[in-house]
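Please see the structure below; I have some questions.
Labels A, B, C and D are assigned to the chains in the order they are written; within every chain, residues are numbered from 1.
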Amino acid sequence: MNLLDFARGAAMKWSLAVFVFGIFWRLTGILLLHRTHDYSVPRAHGALLGALRTIIARSWPRREFRARTAYGLAVSYAFHIGLAIVVFGFVPHILLIRSLTGLGWNGLPDGVIYFCAVVTLIALIMALIRRVTHPVLKLLSNFDDYFSWVVTAAPVVTGLLTVAHYGARYETLLALHILSFEVLLVWFPFGKLMHGLLLPVARGQTGAFYARRGVNP
Amino acid sequence: MAVSTAGEIPVRVADAEQSCGSGRVLAILSEVESMLTRLADSGTCGSIDLRNLLAGPGDRETLRRILAEGEVSAVVRALGETQVHETAVRGVWWVTHCAEDGKTVAEFIEVTHVPEILKTPPDDIADGLEVLFAKRHALDG
Amino acid sequence: MSKDDSIEVSLRKQGISRRAFMKFCAATASLLALPPAMAAVIAETLGRARRPSVIYLSYQECTGCGESLTRSFSPTLENLMFNVMSLDYYETLQAAAGTAAEAARHTAMKENWGKYLLVVDGAIPRGHDGAYCTIAGESAVDILTGAAKGAAAVISVGTCAAFGGIPHASPDPTGAVPVSQVIKDKPVINISGCPPVPEVITGVLAHYLTFGSIPELDHLGRPKVFYGDTIHDRCYRRPYYDAGKFAKTFDDEGARNGWCLFELGCKGPITYNACATVKWNQGTSYPIQSGHGCLGCSEPDFWDKGSFYQALSTGTWSGGTVLGAAVVAGAAIGVGAAVVSRRRQARADRKKQP
Amino acid sequence: MSTDIDAVHPLDTSGARLSIKKPVQRFDRQGDLSDRERTEAAMRAFMHEFGAVTATYLESCIHCGMCAEACQYYVQTGDPRYTPVHKLEPFKQAYKREAGPFALFYRMFNLKPRVSADELQNWQELLYDSCTMCGRCTLICPMGIDIARLVGQARHGMFQAGLVPHELWAVAERAEREGSPLGATPAVFKDRIAWLSDEHGVEIPVDRDQADVLVSMSSIEIMKYPQAIVATAKVLNALNEKWTIRLDGYEATNFGMLSGNVQWQKDLSMKLINAAVKCGAKLLILPECGHAYGAMRWDGANVYGKPLPFEVLHISEYLARSIAGGRLRVKKAAASVTFHDPCQISRRGGATQAPRDVLAALGVELREMVPSRMGSWCCGGGGGVVTIHRADDLRYRVFEIKMKQVDDTGAEMLVMSCSNCRQTFDDGQAHFKWDKTAHSLLELVADNLVQ
């Protein structure tokens, strides 16, 4: 069994297993903690609508915050969108998703993907530079932040090396690419990457909470 | 749709005009151009092996159409035919080695005054002398 | 035809002209991806070389490799190839049989000790002390070991000889192994493929004859000149891959338009072979050109790497139950964690009261 | 020895005047608990807060640092310690170690160490002096984390540990003991009402057995802005409401909540609720006080443990409703006005439009600050911060934002509907010798009633 067989076989199986295992562990562990009932008379009904509104609207900062957050936001958006395009637009990735979920769609031309991957990588590097230089981010950052950065950037780097056939033989690069993504899968539930799943919950509960108060946060 | 004979298999012949390999054709042409410059300047001959270059359907046809047929054509019969054509670009020759069953075994573009295979090798000239001597001897006899 | 004649003399005796020989050399140079100018060097060297003795052994194989070899070039050039060698033992082609055949092998080995080329196709069964394959009462392992002792080089033809191939595939009842696991003290050239491209076999032989050395090999012992690029790198359909145009089924519009077969499981990107450049049947076509994805037959264990029709970027495992179990286990531990936390909170609340 | 002192208090030679650099932030302690007892008490209180909602928030932070950009303390000082979510660090650490899904592993391998008394002490400044719980950070957080609410929860632990800024602790303790944080005891209040009633010739009903409307007041109004009591009476009398003030429940401020004592918060709220229940009030009017709105309008029922049997309105909401219903008529007041949104009423309370409707009825030209309403800047005095003397310098720095905002509108009059904001403005005005005076919306209405 060579590295690629391992990456496509046992490693994929177990990394996916750890991925779903961790997600369910963390989500149930959080969501089953106690809840209190709010007896106050709501100013407005439509908590669910408020939750949905905040889930969507919070993707964009309010006008008064835009100037001060523009740079950080642009960088984060760049790599988030870049990652989304690369992950969901590249045909080999779509095939993987289809093989796992049965859902498939048409991919984008490789030139677009390569461009996006390079932009993503640049944005990730800019985000890292910002994290190690900005006084606030320096203060807040811990192992999770840096390790999550590594496991996010690694598949992008190995993916680019793979399509460029640079540094090693293609099958080795492909194996490393798949393995690096599997490391991401394993880390996902246990670190900050989980924000991908916690985002709607956190935004939603704030949206619902303030919608009762007639506030649109 | 049931396909019962080979003729019903929906096959589409690749269109030379839309060949994906046109980039490769352009690359070959620029290589030929630099070789021809060298031939004109210093008399250095060059040749290009087309085996790995014309991979796409239609590439060969496109290249042939562009270079076009010139003034000279020759056929060498040795272990099958070898066809030698000067293209419309003078000094640029298209050499196709075929086996006895007509299949192509190698194909070159040669940039030269006369392709090597057309020239008679020294050993064969000696053979020629022997043959001529034998023929004249027979007539004399 | 004497074995002591140089190749050129022996060819002239067969009435092959100098031009014809040059043509053969040009074709060989082309095949080896050498610059066209090297044809003259090949002609010069081959002309003076002695015809080498070749001993060809077959074990767990299907003779597909032999069939392939005999279809290299066209019949005339192929003859030429065989004529520059002295094929002293090949069960499939030789007239001799039984003890006469074995005697021929022993004679050839003795006469050319240290100089002959040993060509092997098929895997070697090592299970039960090699009992699964014996010839004249001798096991394949023993014959191979003995023959290899006097060989200048060993060439494994086909994926079975090179990597174990189908005999080695799971569950491998005979303990089949590649030649390289039996012969450790001699250079072994692997010419993989199921079967290998015929011109690649003859090309490697020609290289050995011309240069007297084995060509540069990759980490799997394959000549880089033929196995240096992937099928994908050299595929004429590559532009469609780059443009994101894929056939989704074998008879859709994309398939008819000749789009990339990646989604249909083509293993071209991880398969190193010369199919896309040398092609098959005298350059007529190769699997992808004929509309079928590459199976990756020149790679080790290609038979055990999941479906031929499953895309390369997908997993090769089937573990729905493992994932299901992971969901249940994760949820159970999560519930447990929440229960423990709630209990600890209740305890803290009680302590807080007084 | 002297070198130690120099290290702790180095000379500041870079400022406009030579001085000693601000000493290491001091912290206050209540009681004589050991460090260990303090952390254990804090942990027990923290543990109580770790429900599913809080847990989701604490799990969601991605350390993006955006909340800093919404926080007046960071914006004005550039000190990263004032990053809102950083103020929650011990709280978060306690959560991860004690209640999160991986808590067992955090404890087993000590991945998150126990929160220490030192840490809690160091965080006192961050959780009290430099946070008004104004909720701007809640608005900016891309994960939607309600940071302001979490700060309120973290204060619960700080109180149990006896680590509250002394002045804030003292007013809270006084409120619990005397019923008012600022000495407005029932006796004092009664005297004031009698005097105001005489002075202004308004009838102020006290301790009616039955009333439709119970009016509550803020101690700040009683002691500093007694005109507010008169204004309230004028409005309610003009509306012919059957209303009362009750001496067994009049204090609307809740320093139990601000300081972080859950029991005191409940005690203070229950006084008001019981008084309203006793006189059968259908409506409880909250005075111009921001946190009182949060404490009663939104937390009241939860303290009570069931829905309140009466409606709760902020005075501005009551005015707006009365004007809209045509029951209250006001004269046009010709002036340009800018309105300061009290955070707890507007951004976190939802009563944002009511004061604007009132101002529209008064016919004034409303010149909004930029930003206003939801995105409005805090005055810097909320969350009990205005009581903390050592936080004055910091408070004045953030007040500069507010002054600039007000000046930029060019409005003739500055109006707000929170007496705590108002006293913060008054203090800032005195400190900066500023030319703007804060006015009460209620008093503006009372002064322009059509009789």
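As a working rule, a contact is a pair of C-beta atoms (placed from the backbone, for glycine too) under 8 Å apart; a residue touches a chain by one contact, two chains touch by 3 or more.
Treat the numbers as computed from the prediction; the structure is a model and nothing was measured.
Set side by side, the interfaces C-D and A-C show unequal numbers of C-beta pairs in contact, with more at A-C. Rounded to whole angstrom units, the spacing between the C-alpha centres of chain C and chain D is 79. Chain B and chain D have Cα centroids separated by 92 Å. Once the centre of each chain is set as its mean CA position, chain A and chain C turn out to be 42 Å apart. Note on chain placement: the centre of chain A and the centre of chain D lie 37 Å apart, centres being C-alpha means.
The set of chain D residues that touch two or more partner chains comprises 50, 99-102.
In chain C, the positions touching at least two other chains are 334, 337-338, 341, 345. Residue positions 25-26, 28-34 of chain A are each in touch with at least two other chains. Pairwise chain contacts present here: A-C, A-D, B-C, C-D [touch as defined].
Interface residues of chain A, counted against chain C in their complex, comprise 1-2, 4-5, 8-10, 12-14, 16-34, 91-93, 95-96, 98-100, 106-112, 165, 170-171, 174. Taken together, the chain B residues at the contact with chain C in this complex read 10-12, 14, 20-21, 47-49, 51-52, 55-57, 76, 78-80, 82, 97, 99-101, 103-106, 108, 110, 116-117, 121, 123-124.
Contacts from chain C toward chain B in the complex involve residues 16-20, 22-24, 26-27, 29-31, 33, 35-37, 73-77, 80, 234-237, 239-240, 251, 256-258, 276-278, 282-283, 289. Chain C meets chain A in the complex at residues 230, 232-233, 241-244, 246, 262-263, 269-270, 300-301, 305-306, 310-317, 319, 322-323, 325-327, 329-331, 333-335, 337-339, 341-342, 345. Within the complex, the chain A residues that touch chain D are 25-26, 28-41, 43-44, 54-55, 58-59, 61-65, 68-69, 72-73, 76, 134-142, 144-145, 190, 192, 194-195, 198-199, 201-207, 209-210, 213-217.
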